[in-house]
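Starting off with a structure, shown below.
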Amino acid sequence: MFSSFVHRFSSPKSYVEITRKFFPYISLFGFLLLLIGWIWGLAFAPEDAVQGNSYRIIYLHVPASIFAQLVYFFMSICALIHLVWRVKLAAYLIKSAALVGAMITFIALFSGSIWGIPTWGTWWQWDARITSTLILFIMYLGIITLHGSFSNLEKADRLMSILVVVGVVNIPIIKKSVDWWSTLHQSASITISDGTSIDPSMLYPLLISIFGMGLTLISLGILSSKFYILTREKNKKWVQSYV
Amino acid sequence: MIKIFQSEFFKLRKKLRTWLGPLLIMVLVLIAFPLSIDISQYDLNRFYFSIIVVALLMISFLSTEGIFLEDYEDGSLEQVYLVEQDFYKFVLAKVLTFVLLIGVPMAGIGSVFSILNGISINEVPKIFFMMFLSNLLLFNLFAFGSSLSINKGAILGVLATLPLALPIIILLGRGVRTIQHGIGFEGVMALMVGSGLLVASITPLIISATLKTHLE
Amino acid sequence: MIKIFQSEFFKLRKKLRTWLGPLLIMVLVLIAFPLSIDISQYDLNRFYFSIIVVALLMISFLSTEGIFLEDYEDGSLEQVYLVEQDFYKFVLAKVLTFVLLIGVPMAGIGSVFSILNGISINEVPKIFFMMFLSNLLLFNLFAFGSSLSINKGAILGVLATLPLALPIIILLGRGVRTIQHGIGFEGVMALMVGSGLLVASITPLIISATLKTHLE
Amino acid sequence: MSLIAANRISYTINNKKLFHNLSFTIDAGSALHIKGGNGSGKSTLLRILLGITTPSKGKIELLKPNTKITYLGHKNAIKNYLTPIENLKLIFHQSNLESALDWFQRLGLSRVQDEISANLSFGQQKKLALIRVLAAPADLIVLDEPFVGLDDSSRNLLNKYLQESISTGSSLALTSHIRPEIISKELMLENFSND
Amino acid sequence: MSLIAANRISYTINNKKLFHNLSFTIDAGSALHIKGGNGSGKSTLLRILLGITTPSKGKIELLKPNTKITYLGHKNAIKNYLTPIENLKLIFHQSNLESALDWFQRLGLSRVQDEISANLSFGQQKKLALIRVLAAPADLIVLDEPFVGLDDSSRNLLNKYLQESISTGSSLALTSHIRPEIISKELMLENFSND
């Protein structure tokens, strides 16, 4: 029952049709939010007492770092779905999300490194969180290459999914590393329970950029998945009539 | 299960290169390290242990790299599947064999070299046990890695499993410090025993699924 | 000769496992090492270099381990013999390919990591060149070892060649110190270049004879 | 009585169709000879029968529970760093081992019993691998080109064994480019062209 | 005119005598079919002819200098991580490559040209390996059980090719448990028993 339900609403065809409707709104809205967040953050938010203006890279670094992990989390859910119900669409989404994930993780690493120069005096440290983020990045690449290395695509889908599911343990390690190993890196400044350690005038633009970044990434993901689906299923009738 | 284990043990024992090779390299590395630096200049004892840890990491990777390759290529995997219908027991036996024939001696070598470099003899059983547990964890992880990309080499697999290997390494490093400082050893140990048992029993399940996919 | 070299290059390039694998492992080891010790406690820069050296040693062993195995097992070696009547060119091409595709990047990675850990940028070309030469020596040495024990069980090659690697490591270690102290670099370098050229041209002859014996 | 029924199975790999809507049964005490050109999908079909590969469409039904199956494919599943006897000991335990050693003799392998298997000749390796099937009585015997590399006398021995097994109620599915001397149903796989 | 003469050659390995005092010649434009049971030493004899293995006693004489030899043994010498075409490119350069690609087509391999060779069927791999011999004209063709795994049409193609080569003056030495459709001298290797 449930599985037939899953299958009906997860055909690549209906996915492409549905996302086509929503894509313009999501991408436009996301882009605007991101723009607002950044302009607010860069131009209007107050200067930091300790770090001066260099802290402003937070509006790039923190959203990027958050989504570096969230994208992976999304992929692992897809992977479970693919393994349990053999939903093809889920595998397609993993493959396309991995590209987006690799990109955003790279941005997180890069922005962090730049930020490190004025604040820590070095652009690289073998700190647990930084290292595990680097490994997350390598893993995105690994997932993409693993999939690319098999000529039998269904086999590749399955193996990739297993890898993604197992790799999910890296996420708590990144999250908790700052607490487990006393390190250089900042610990969480935005927490749900006990308020925040950051001034609201800096917080609002940060939240807005996080939202904007999320929607922008979703629209990027939609684009790349659509492209991937169309190439993967290029022999199917619906694709030929669609194109 | 006993039969499968015996078979695996017999096969590995016959492949001198697969099990003795890594051990020899380990010894060599542990000897080569002090030679490659100016010992008088630094306090070797203080960081020699990290070398042992890194060697443990590399050697366990090296020795599990082709763990399923031979059986995949010569058709044995299919025969196992026909009899067992899955690979759980087979994988369990194989990984255990590797741990026993390579992991345990490795832990032994590691412990001996840590005596040579300043750990007191009383602490050696602790060190040995800790290294053994790390090897158990590492071998399982890398076996998974190598099952992912059987015939493509374990590179891709390493990518997958290294995030998991790093905490093990960190844990091992911390464990050693608890020994040196004489405090907190039991906590680290309990954590390692727990995760060791968990990983050693669940990983074969995952590997089994991976191998089945490869046969398709 | 060019044709043989091109073929070897093409084949190796296609085998991700054989060339990219060792490089990745090298990177991972160099990453894992600092994590395994309590960084704050020690002065990492002072001995990080020895780790790089040890990694070089292990990785070159690892990457040349099966250098002739595939060609022996799939029958290619016989075909080469029919055309060439010996293996000199073939071995020369193969070892050079390995040095170029694995040894050079390894030297590169080693140099980069030594910047990260305190060697000044001006010294990097020296470091790189020295590592490249050690790799040339190590690859030839280990290729010989692996030709000795082409068939599975044999451990002979490992036993025979690992001890020979120690002098190379010592030389490399000394070379690094000459760089750090800014004195005596040329002498060590000359020694390495000389032995590098000698070894790289003679070893293929020996390996060629070994391979022929295996085919008989 | 049927052992296995294939129900409209199709197999497609990398957009290449190997076979389509294939239905057949394998009955107790009968042989099925799967024929077809190189690459037509014979080996794949055998692996589907064994449950190793899943068909893209359709289903394979095992009609008798606990069917004992023996199989030898293109690959010998022999450890070439072990001696032949050691190899047999890995496969067989106690009771069957004796029968395996018996076959070992009958196939003329005793003169190489102290070599490692890598040193056996091509045909000797194949014979060694075949003992896996010969010495273990089974309900269903699945063989992928078993005659490859065998000399005349071994081929006769194998043919006779298969004949006997069938007459005692076992079933047989095999592929071979040489016609086996066994009365069998034939299943012809066409070479699909997808161009 | 003889290409190669074997002069009272013997071969003993690990105290097992394979053959003893064997003398024969291979003449231009003729075929030699080496027969014998499994393990009688056929492959070894071919390798002796090729100069890969040295006989324990006696001598092999190459009577014509610069004899061009092509050979395919039990092992395919195919890189299974490369595509078939890439494999051919490793073997052939320029002029011969065209003829190799031509054979590639005629053997029906074009539909698998984008797979890596590991994914080819058993027979397809053998055919790919055979192109090494087919596409390079040679004075002496040495083949060790070339028909193994080939379907009927490929077997005919190969037989025809060999026939033609012989009639244009090439020589052929082959082993096969299936009788090749070529008029040939036969050389029977006995199974020595050393017991």
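The chains carry the letters A, B, C, D and E, assigned in the order they are written, with residues numbered from 1 in each.
Everything below uses one rule, namely that a contact is a pair of C-beta atoms (placed from the backbone, for glycine too) under 8 Å apart; a residue touches a chain by one contact, two chains touch by 3 or more.
Predicted model only: the values in this text are computed from it and were never measured.
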Notebook entry, point to check: Can you list every chain that touches subunit B and also touches subunit E?
Noted result: A, C, D
Note to self: Looking only at C-beta pairs that count as contacts, which pair of chains has more of them, C-E or A-D?
What the structure shows: C-E
Check: Compared with subunit C, which chain's mean CA position is the farthest off?
Finding: D
Next item on the list: Just grab the chain with the largest centre-to-centre distance to subunit B, centres being mean Cα coordinates.
Entry: E
Note to self: Measuring centre to centre with CA averages, how many angstrom lie between subunit B and subunit C?
What the structure shows: 24
Next item on the list: Quick one: report the Å distance separating subunit A from subunit E, using the average Cα coordinate of each chain.
Entry: 58
Check: Counting in whole Å, what is the centre-to-centre distance of subunit A and subunit B, each centre being its mean C-alpha position?
Finding: 33
Notebook entry, point to check: How far is the middle of subunit B from the middle of subunit D, if each middle is the mean of its Cα atoms, in Å?
Noted result: 38
Checklist line | Contacts with 2+ other chains: residues of subunit C | finding: 15-16, 35, 152-153
Margin query: By the touch rule stated above, which residues of subunit E touch at least two different other chains?
Written below: 74, 115
Next item on the list: Among the residues of subunit A, pick out those that touch two or more other chains and give their numbers.
Entry: 128, 131, 149, 151-152
Checklist line | Parts of subunit B lying in touch with subunit D, wherever the complex brings them together | finding: 3, 7, 10-11, 14-15, 70, 73-76, 78-79, 81-82, 85, 215-216
Margin query: Quick check: in the complex, which residue numbers of subunit A touch subunit D?
Written below: 151-153, 235
Next item on the list: Would you tell me which residues of subunit A are touching subunit C in their complex?
Entry: 124, 126, 128, 131, 134, 149
Next item on the list: Within their complex, state which residues of subunit A touch subunit B.
Entry: 128, 131-132, 135-136, 138-139, 141-142, 145-146, 149, 152, 154-155, 158-159, 162-163, 166-167, 169-170, 173, 181
Margin query: Can you tell me which positions in subunit D touch subunit B when the two form their complex?
Written below: 47, 50-54, 69-71, 73-82, 86, 90, 93, 132
